[in-house]
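Please find the structures below.
You will see two complexes here that share chain A, one where it goes with chain B and one where it goes with chain C.
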Partner chain A sequence: MLVSISGWESTGLRCPDTKVSFLKGGNPCGINLVQMPNGTGKSTIIELISAALTNSASNWDTRKIREFRSKLQESDSGQFILTLLLNDSDQELNKKVVFQMDFDFVSGTVNLSTLNDSTVGLEIGWRVPRELTAFLNSKCVEVFVFKGDKVQNLIEYGRDDAESSIKHFFGLSHVDEIHEIVEKDFMSRQEGVRTDKGQARQQGVLNKWVEWHKELERTKHDYEEKLIPLRSSYDDLRARVSDIMDGMIQNKSQLAEYEADRDKAKEQLSSGSQTAFAAIQNPFFISQNINSSMTSLKRNLDKMKLPGTSGEFFKEIAEDDACICGRTFDQQSRDYLLENSQSYLSDNHIAIINGIKSDIDNHSYLAVEQEKEKPFEKLTMLQGDYYLKDDRVTRQKTLMRDESTPMQQLLIDEFQEVTLQKENLENRLKYIQNEDGDIRIMGRGSHRDCKKIPLVKKIIKAKQEELAQINDTVQEFNAKEKFKRILLLASESTLEKLKVELCAQSNSKLKTILPEGTPLEILEIKEHIQLGFNGKKQHLGSGGQNVSVAYSFATSLLERSGVQFPLIVDHPVTALQESARRGLGQKLSSICHQFIGFIIDTEKAGFVDSLNPVDEQATYITLFRNIPGNQHFIDLLPDDNQLVFKSENAYVCTDKNFFKNFHDVESDLSE
Partner chain B sequence: MVEGNFSSKENYIGEFMKLDKTLSESIQEACAQEGAPQASPAIIRLVERYISNELPDSERSSALQSIYNLLKE
Partner chain C sequence: MFKIHRDAKRWSDKLLYSTSPFKTQFDIYYLSFIVGIGLGRSVQFEGAMTTDITRDVPKNFLEYRHSLAGLLLVSGLNNAGLPLNKTLVKSRVQELLDSHSQSFLSEKATELMNCFAFAGFEAMREEMPRVPEAHDFLIWYHNVMLPKCFQDDIWNFQDDIITG
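Up next, the complex of A and B:
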């Protein structure tokens, strides 16, 4: 199914009053460029498109809603209308869907209406067409609406935007939600079981853990929400600080070298910590006494020929007609055998004891004593090395800061502050999601002492199992756990299969976009997109390569899902040099069915001429405010009224020549 | 005319599953792995209904119960 945007209309909002259409001859165009000078409202329009597609406006507060009010008109109301066309030749589907947002700036509210069925007309509320139910949510829309640092976020290590997009587009995030529903349902069933005092107490303890789990999930959600704007300002500040650093070429390359050294030392420290931790867990490291006791235990077990014969052996014999000595069994001797078989250990217990004996055999205190100090000595050395290299990075940064202007120093300080806040929140998030710890110990203490969600979940599971045994609902509990395991297995397996498939599809698209012989491909899709070539990893590509990777991934995802949305991109080629713009422009119409790019005049060089589709399949729209400062643009507008739409506060021109010749007067003056 | 193609709930779900074949196959595989192949149609149906927002709260418990019954077999 193809989903296209046929156009939008806006009135009374902080973006100009406009009517934009991407239709030609009644059909949506494949390539659509909307040229808008800075400050005309590109971001606002993109935000409104996202809001119309996801109903996110229903969560906006009055302040946020009033921020959309036109500063010049100060009208009491505003409106945004987005029109989609759904087309599926297999289903003979050709449908128009309209989302209308009516702003009331007096009450600070926004009401949505939808035209979903032309025979019914406009209906109150956001009525998502059934065909799109699974896709019109913020996470899916983020896949095809590119704004800010979306490109980098897909590729950057430590971000999970790529995996999250796949999970949301293929319903896997919903599968995760089913786990919660299953747990909620199970708890309400358990509470319905009649209980005595002891059971009620157990249920009370379990309820406390369940409530604590909810609280931790809320905290986690809170961290994630706080991280969104923080990551965004971090990305923005990082880019600006990087621009400052670009002016200090020698210092910058020195810093990069120091940072690479520091990162390597950090990796080695982490690996050294793991080795030392593993060593601590070895009981032979603890003391000579434990070593002696264990050796003595092994000796005694051998002396007593333990663990001996298993109970199962006697049970099996008792099922035969005769004993191994040839004597025929009567019922009395069979009963005797069965009764006494319980005095022997089971197969499982025997395996455990034999395992312990074998482990004792394989270790000796003297041998490990010699090795004991080594991991800790190495850890101390690695720690010292890391501190040294980290300190060198800090000093280099201080040096570069000192060489900056006071304004730049403010920016650098702000970047450091935001970096600290971001890392702090990320560490907290990491901690709350950590699963290290012993649930047998944690489960006995107060629930508030356990602040790791995976552990709390395990404790809840263990307590549910205990309670199920008391309540005689073990079968229900086991069925529930089996259902959860099935969902988890299915979800994980689907995700891995999709990642492999999307990696191959994206690479095949990428090959057609990048110049022949470019040594870059997607090595694998993990939480992020891992770039590299011939098995060697690469952190990021060039600006143009990153954009190509992001478009290849997004369009592959859309194609694979069977529902192809348009790619809507804010500043599609800003980061690209002219040759890269040309390369991308030539391939754009072949990688997606509809491209809508919001650009400024400086992005046209190299890009616009390379698009080169037949004019019937492209729209070149210039949109600017009707203000005295734009009179020189107004004077140049073509006389043909068919090509110009004039509203109270803006002009929309669809003439290709006007589009090509449109240059911001400020940049002309500065030249 | 347009609605005719999507008027039936079954049709819509069928359409959706065509999009999400990997997930339904993985559910079948997971059920087989857990020794409960008989439960896979019901689980697929529940996931379909939930994803397409067609599983009302009031029907969740009974839908889960029928899956548990199959898993207990």
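Up next, the complex of A and C:
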């Protein structure tokens, strides 16, 4: 099934009042470029599209909702309408779906309505078409709406965006819900067989852990829920700050360069720290005095002929009838031998003493080798380098902030605040999902001391098993565990197969996008997309390569799921040099059925000319505010009324020549 | 059972993150132990003042189990006073080492190690009440804490210490 966006309408919002259509001859176009000068509201429109598709507006607070109000018009209400077309030739489906968001800025609320069935008309509420139920959620929509750091997040080591996208698109994320149902059923059966006090107490302890698990899951859910609007605000603010920075092109590219340098320095610092800590794990490296006293210990042990003969050796001899010299043992000799055997070390201790002696040689040698590498000198240098580069980034940001208007400075400050909140919440989420720890120890203490969900789950399993043995319900316990294991194995194996298939599919797309002979491919999809070539790993590609990888992966995922959504991309080619833009543009129409790119004028070079589809399959839209500062654009608009839409505060022009010749001489950032 | 000061977890929380060289509480325990034994300080604590961390030595320290046992043995022999003899060495070995334990340490030696780690943690916290990022902490540990350790005469041998 193909899902296309046929257009949107907006009134009374932070973005200008517009009516944009991607239809030509009643059909949605494959390539759609929307050119908007900085500050016109690109990020706002993309956020509204995402919100309409996911109903995320239901999580917005009044402050967030009021932020969408047009500051120029100060109207009490606003509206955003997104129209989709669903087309499936196999199912003979050709359907229009409309999501309408009505903003009430006085009460700070937003109401959604949906046109899902033309015979019923507009219905109150967000009503997902049955065909799209599994896909219209924030995780799936993130796959085809590219904004913020999306490209990097798919490829970067340590992030799980790629795996998470696959899980959500193919319903594998629901396996946990099934596990929960099975657990609930098992627990209710266990309650039924309780008979004596001991069992009741054990059951009570188990119940506490189960309740604690639920509380932690609620906390986790709470973090995730809070993160949705926070991430959305982060993306929105990031894009708006980025728009501000776009106005300072030279400063921005300088900042990007400094940030890349700083990130590289941080990676090196992290690696240097690992090496340094590995060195001090060897006690011999720590101090020359440890080295000399341990060496002295060994010398003296040797002098004393320790560990010497094993006490067990004399005990064995004492059990024989005669000594090894042939003399027959009497009881007195035997007692003497046994008594003296006590003064010899046992096999148990001999092994350790020999181990210590051997380690003294090996590890003191290793310490010398480690010292030659000077890990702490290197670490200190790396630390200095990192702080220097970090400081340079801070100074550049301060410089850029100082050069912006007071309103922009407020936005930058808010972005920093939201970034901190987001990182803080992400760290908490990471902690609660961490599985480091010893369940034997944690399981003995109070449940409230264990705040890691994977550990709590393991403890519950162990306690269930203990209780099942007491209750004589081991068979049920094993059956439940077996079912869960099978389900887990099935979902893991499905995930692995999907990853392999998607890897192959993405690579075949990637080959057509990248210039022939480019030494880059997706080696494998783990939590992230691992790049490399011929089995050799590579951390990241160039800007153009990363974009190509992300598009190939996203479109392969959409194709494989059977429902193809449009790729919606904010600044699709900013990070690409002209030759890479040209390469991408030439292939774009072949990798997805609909592409909607939001661009600024400087992104056109190399990109627009290379798109080259027949004009019936492309729209070139220029959208700018109707303000005196844009009079030079208004003067250049074509006379043909069919090509220009004028609202109270904006112009939308669909003429290709106007699009190509449009150059933003002075960006307006008044909103 | 290896036990760490009950405040160590909160104190070191900022040190344990994905790209940090420190991954587990045992890493912090080891650093504390080195400081404790190096300063010759140990504190007899009550159970409630510590948290159990692990019974076994974690993977990243396995290759140093013999060295750690040796270090405790040297410390045990040093504290016994001079001159030492074969009988005393054997008695210390029997008291502190146990090959049936994964750590090669007897329960007594583990307790001893815990006491050093407890005191070492307090010494570190006294010097640095709030920890910085892992790399800064590591440099501070190496440049500030370690030079104070293992300076006592008992660690500064010019000649053999064990006789007889």
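Everything that follows uses one rule, which is that the second predicted complex is superposed on the first by the 405 of 671 C-alpha atoms of A that agree within 3 Å, B and C clash if a C-alpha of one lies under 4 Å from a C-alpha of the other, contacts with A are read in each partner's own complex, and residues count from 1 in each chain.
The rule we apply is simple: a contact is a pair of C-beta atoms (placed from the backbone, for glycine too) under 8 Å apart; a residue touches a chain by one contact, two chains touch by 3 or more.
As the structure is a prediction and not an experimental result, all values here were calculated from the model.
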Chain A residues touched by each partner, larger count belonging to chain B or chain C: C
Contacts of A:Asp359 with chain B and chain C, given as first, second, both or neither: second
Touching partner for A:Asn300 - first (chain B), second (chain C), both, neither: second
Contacts of A:Thr380 with chain B and chain C, given as first, second, both or neither: second
Partner chain in contact with A:Leu636 - chain B first, chain C second, else both or neither: neither
Contacts of A:Arg440 with chain B and chain C, given as first, second, both or neither: second
Chain B and chain C footprints on chain A, overlapping residues: none
Residues of chain B touching chain A in the complex: 1-3, 5-6, 12, 15-16, 18-20, 22-23, 26-27, 29-31, 33-34, 36, 39, 43, 46-47, 50-53, 60-61, 64, 67-69, 71-72
Residues of chain A defined as touching chain B within the complex: 91-95, 117, 119, 130-131, 133-134, 170-172, 174-175, 177-178, 181-182, 185, 188-189, 475-476, 478-480, 482-483, 485-487, 489-491, 493-494, 497-498, 501, 561-563
In the complex, chain C residues that touch chain A: 1, 17-24, 27, 30-31, 34, 38, 52-55, 60-61, 64-71, 73-74, 77-78, 84, 86-87, 89-90, 93-94, 97-100, 104, 134-136, 138-139, 141-143, 146, 149-151, 154-157, 159-164
In the complex with chain C, residue positions of chain A that touch it: 158, 269-270, 272-274, 276-278, 280-284, 286-287, 289-290, 292-294, 296-297, 299-301, 303-304, 306-307, 343-346, 348-349, 351-353, 355-356, 358-360, 363, 376, 379-380, 382-383, 386, 427, 430, 436, 438, 440-441, 444-445
